[in-house]
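We just call them A, B and C in the order they show up, numbering each chain from 1.
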Amino acid sequence: MQRTGRWGLWTLAALVALLMAPAIGSAGQGKISAQTRKCLECHQSTPGVVKQWQESAHAREGVGCFECHQAKKGESDAMDHYGFTVSVIVSPLDCGTCHPKEAEETSNSHHAQAGDILNSQDGLLGQTVGGAPAVVVGCRQCHGSIVKTNPDGTLDPTTWPNTGVGRVNPDGSKGSCSACHTRHRFSKEQARKPESCGKCHLGPDHPQKEVYEESKHGILYRAFEKDMNMGSDKWVPGVDYFDAPTCSTCHMGATPDRPVTHDVGSRLSWNLRSPVSNRTADWQKKLGGMKDVCSACHGAPFVTSFYQQLDDAVGLYNNKFAIPAKAIRDRLMQEGILSKGNFDEKLDWTYWELWHHEGRRARHGAAMSGPDYAWWHGFYDIAKNFYTGLLPEAKEACDKAGKPEVYEQIMKQYIEGQPEHAWFVKGFDPKRLDEIKKYYEERYHQKVM
Amino acid sequence: MQRTGRWGLWTLAALVALLMAPAIGSAGQGKISAQTRKCLECHQSTPGVVKQWQESAHAREGVGCFECHQAKKGESDAMDHYGFTVSVIVSPLDCGTCHPKEAEETSNSHHAQAGDILNSQDGLLGQTVGGAPAVVVGCRQCHGSIVKTNPDGTLDPTTWPNTGVGRVNPDGSKGSCSACHTRHRFSKEQARKPESCGKCHLGPDHPQKEVYEESKHGILYRAFEKDMNMGSDKWVPGVDYFDAPTCSTCHMGATPDRPVTHDVGSRLSWNLRSPVSNRTADWQKKLGGMKDVCSACHGAPFVTSFYQQLDDAVGLYNNKFAIPAKAIRDRLMQEGILSKGNFDEKLDWTYWELWHHEGRRARHGAAMSGPDYAWWHGFYDIAKNFYTGLLPEAKEACDKAGKPEVYEQIMKQYIEGQPEHAWFVKGFDPKRLDEIKKYYEERYHQKVM
Amino acid sequence: MQRTGRWGLWTLAALVALLMAPAIGSAGQGKISAQTRKCLECHQSTPGVVKQWQESAHAREGVGCFECHQAKKGESDAMDHYGFTVSVIVSPLDCGTCHPKEAEETSNSHHAQAGDILNSQDGLLGQTVGGAPAVVVGCRQCHGSIVKTNPDGTLDPTTWPNTGVGRVNPDGSKGSCSACHTRHRFSKEQARKPESCGKCHLGPDHPQKEVYEESKHGILYRAFEKDMNMGSDKWVPGVDYFDAPTCSTCHMGATPDRPVTHDVGSRLSWNLRSPVSNRTADWQKKLGGMKDVCSACHGAPFVTSFYQQLDDAVGLYNNKFAIPAKAIRDRLMQEGILSKGNFDEKLDWTYWELWHHEGRRARHGAAMSGPDYAWWHGFYDIAKNFYTGLLPEAKEACDKAGKPEVYEQIMKQYIEGQPEHAWFVKGFDPKRLDEIKKYYEERYHQKVM
């Protein structure tokens, strides 16, 4: 049986390791280059980084400081460092020397484009409404900075330290492998843990980490992580482990029929980030890839029905809330009641958070089985914001502008005629209200409403 | 000494396990039925689920796929599956065949009634204000759906996948054992971990998981989980483990004098969910049960004083905030200033969150020793909402309705005469304010207020 | 190599422990005093606490119940307990008998002063706006109560149970060692875990735990905790462990050149808690201490540039938001438009949360590399609150008071002339807006703004 067998194997492994330790150690050290040996001597002053590296696969294979950090004179971030020409940043081009498939997949992925956010509304908010130093310690630590070099090859402190996943490097490449494979262990195991993705995929606007943690997947991961062979080479679900997936399993991991990929968007069939969700290009193929992962543990009826629930939730978000909310704001801008696209009115913020924060939470909650995020942090907040924020703010803006008829037209077009919004105009069904009052009295022994 | 002794035991256990592994493995496999063997053959297509089961006590005891999923022709969710008659859902009636005590306790518990929420204000909010698909991916994933079957025995995707703890099953039973004992390991150890309860007991309206994690109990659990024999059979605190309780310890766990129970409400002496807290039926007996658990580690004076602090906090919530807030809203509804029980006015939402979100956070924070939840997410938010939300919104509603005298009467009756609200009318004590200003200047070397 | 070598050592250690277990056990037990043996006999009624202690270094050294809890007749909290004179609370004076350096450092630290909060605005909010019982279960569980004794030596339940770090003990000492070294293991290992600090350093007003968890430091800790020798004696980063720091590493931990300290503020060069951040006394020396820790893993250019990013972020917070916000509120109070220092107006709460909640989140996020807290929970919330809360509320207050000219003057002085606020008056740069619209259309295939 698995459990018992594994115990035995672990004990054996430990004994074997004990016997082989000095030999393996020397083997690895024997491959270390003369230059790297020199680096290691001085860098006893930063001993942690040396020891991290000593634990890495790099050290075992003789890939050391110099092999990665060496630079050519004339490169913009090349600098003289005690007689060596090195650069601080090791870019995907450098890593790609040994890991070409990974580097190429990453370069073609959403991750490499993360820095383009600087051109978006988020970027405008950050730079203009927040301020440049807030962007340095905030947005860019995930999205990546455009790293600038000083004439001596050192790095501009407003652009580095930075390991944002879409960092634009001095050599023109995009990305930072150490965003996920943290320096200087560069560990597969660590990068597969949900916390690694959670450095950036968390918070009010895209709480994937929180959703995962409250999902059955996250609960099982927390319970059985120790049994999941997190450091194994291929790490195929259903083969090398079977208790739960991590982020990496579903979005990147190998299956029996499919290789690992560093193109993180290649299994996403919905765009759940945009104001109104739409299908991604070639979505059916992408969906097939994701379902291939699901089927390591779930039968086809489960998977099909799960996606039905997700699609319905996305439809509700789009049609009941997102599309009308945008249309209402557009109308107010067309009428000159709101200024165009600025953040100078409350309603601008309300609409922004409705799609960019709450709307994503609802959709991500649904997509990754986190009911608390789907409802309380998601649809509940959307509905509350729509009915007690957006609509009253629209009314107030129309009244202030002396155009109350615009609000009346908006109500007529988007609210009154729509059965899903009928309650807002007519109130709840009185019979239903009475039933609820009775239910509460039984449950709580008091009048609640 | 414990620590040393345990190390020795683990090593011994590992050695014994190593020797016995093949024998135990065969023993378990030997008991597997012919039908289940057939299931396992095909289900190599979903290998994860097979391997999870192989790790389970079920596998060791020869309880396999067919033993649990078999159905009788004519049952509403019976379906033909490659020559076998099976149902997808294994209900508490099925589990109760082998686990009758657990199934009965669960059926009589609050958990089994969780689906009734569909009849409450939460349900109305979800269905009407949110929308049906939001309820499917949100509320019902915890509370449970009413599972509907198609004519061929397959399950309606708007009602399944679902493992809500109050699920109404096709056989009429209520509940889902796999809500906590997740498929297909059905592990005691996993169900005892706080994350398992935290799938549902978290978030803005009942953050028990978050409160636990910030409490000393949660801190110790995180530090010493590995020493806590989480998978042991009886798992009695003070006997099998002693570092910390989990949710399961206090609400369900055995003590030297008391058996384990799956009736999760049987030790709750306060109803901390209702708008105004009241005692549960037979509360003294229930409190005795809980104190029995406390006394595994705490002396009587500690326990008594702890409950004094909780009772005082509940009293503050009830008398200063919850009762007046409800009375004020009732008055506004009686006067026709607010519509009755609908969610069409801001004040409806304010009152709702005051008791359903913030009021629970304060009470749960106090009940489980999470100071940040008791205060910042609890009483602080309640007070802020009461004084800067509910009261000004009441005033505005009265003014709009042309009945400013109603607000004056409310203020006279509930605020002005009450010493606990006196500051809102008269301002802070000026002497106290001066002291604070001095304190801040010393502490921060600047004028703060 | 490290990894392999360690495996060998662990296995050896386990074998040695196995052989030595009974001997060590007896040795420890042999030192236990007769009085403590008596305590242990009766306290089989609270077996958990006995077993926790048996796992402690105290037990191994023969320091038992009586050694710590013994009291002298006449001490205010001395009580007769089955013939022994004991006190429930073991204060830093008691612990200092054996641990004088730690007790003294703690007594001179910020931690020991945490109870003074009762004299601050927080204290006023708690007592007056919240209510005494909320302070008991909230504020004081972290900040500490002033413990009162009853005539028979028992403790007043409104002041105890309490292990707040600034507790004022019956013997006049300040602090509670068990705030971090939880009873009754008093473990170094446990106190070094971030959860221990996170009992209090979390939540909306100072989310250090959350910031740490989302930082690279926290991510690596979660991945490699098992390799970090958390219980080792000196625990020097770069020597005893190297994967990540915990709170304790940076704020208290030993380095090769520096002893461990229990004075938790001794490496803080900025006050990031005050409304406007200022340097601490002797800040350069304190900064040197912190940088000494950083250099276990990071080179000088990294550390220097990191602090440049932090200093810029603090400057942005101070100059763009905190100083103007305070000046605006001061002006409104001077004009009699707001009452002085009370919490009776919305703007009082807005300003309070701007510095005490959001402003700290931004600064702590920047200081500990948590980008989501620096931006979304920090500067984003500050900016949103400043522009859509504080300013409109100031306008409304001026209008209500019949002094619209005061708001105009405020706008002229603090907003219109300042380039960093220009967008609020003039709108965004139209060219930039157009670029963003195009970017979104490409990214999301829809019109976003």
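Assume a residue touches a chain if its C-beta (ideal position, glycine included) is under 8 Å from a C-beta of that chain, and two chains touch if they have at least 3 such contacts.
What you see is a predicted model, and the numbers here were worked out from it, not measured in a lab.
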| item | value |
| --- | --- |
| Hypothetical removal of chain B, resulting connected chain groups | one piece |
| Angle (degrees, nearest 5) of the CA superposition of chain A onto chain B | 120 |
| Same or different contact residues where chain C meets its copy chain B, judged by the half mark | different |
| Inter-chain centre distance, chain B versus chain C - centres from mean C-alpha coordinates, in Å | 27 |
| Overlap residues in chain B, where contacts from two or more other chains coincide | none |
| Parts of chain B lying in touch with chain C, wherever the complex brings them together | 1-5, 7-8, 10-12, 213-216, 218-220, 222-224, 227, 237-239, 242-243, 295-299, 301-302, 304-306, 308-310, 312-313, 315-316, 320, 362, 365-366, 369, 371-372, 374-380, 383-384, 387-388, 392, 420, 423-424, 427-428, 432-433, 435-437, 439-440, 443-446, 448-449 |
| In the complex with chain A, residue positions of chain B that touch it | 13-15, 17-18, 20-22, 24-25, 28-29, 45-49, 51-52, 54-55, 59-60, 88, 116, 119-121, 123-126, 128-142, 154-155, 157-158, 160-161, 163, 182, 185, 187, 189-190, 193, 195-196, 198-200, 202-205, 271, 273-276, 278, 339-344, 346, 349 |
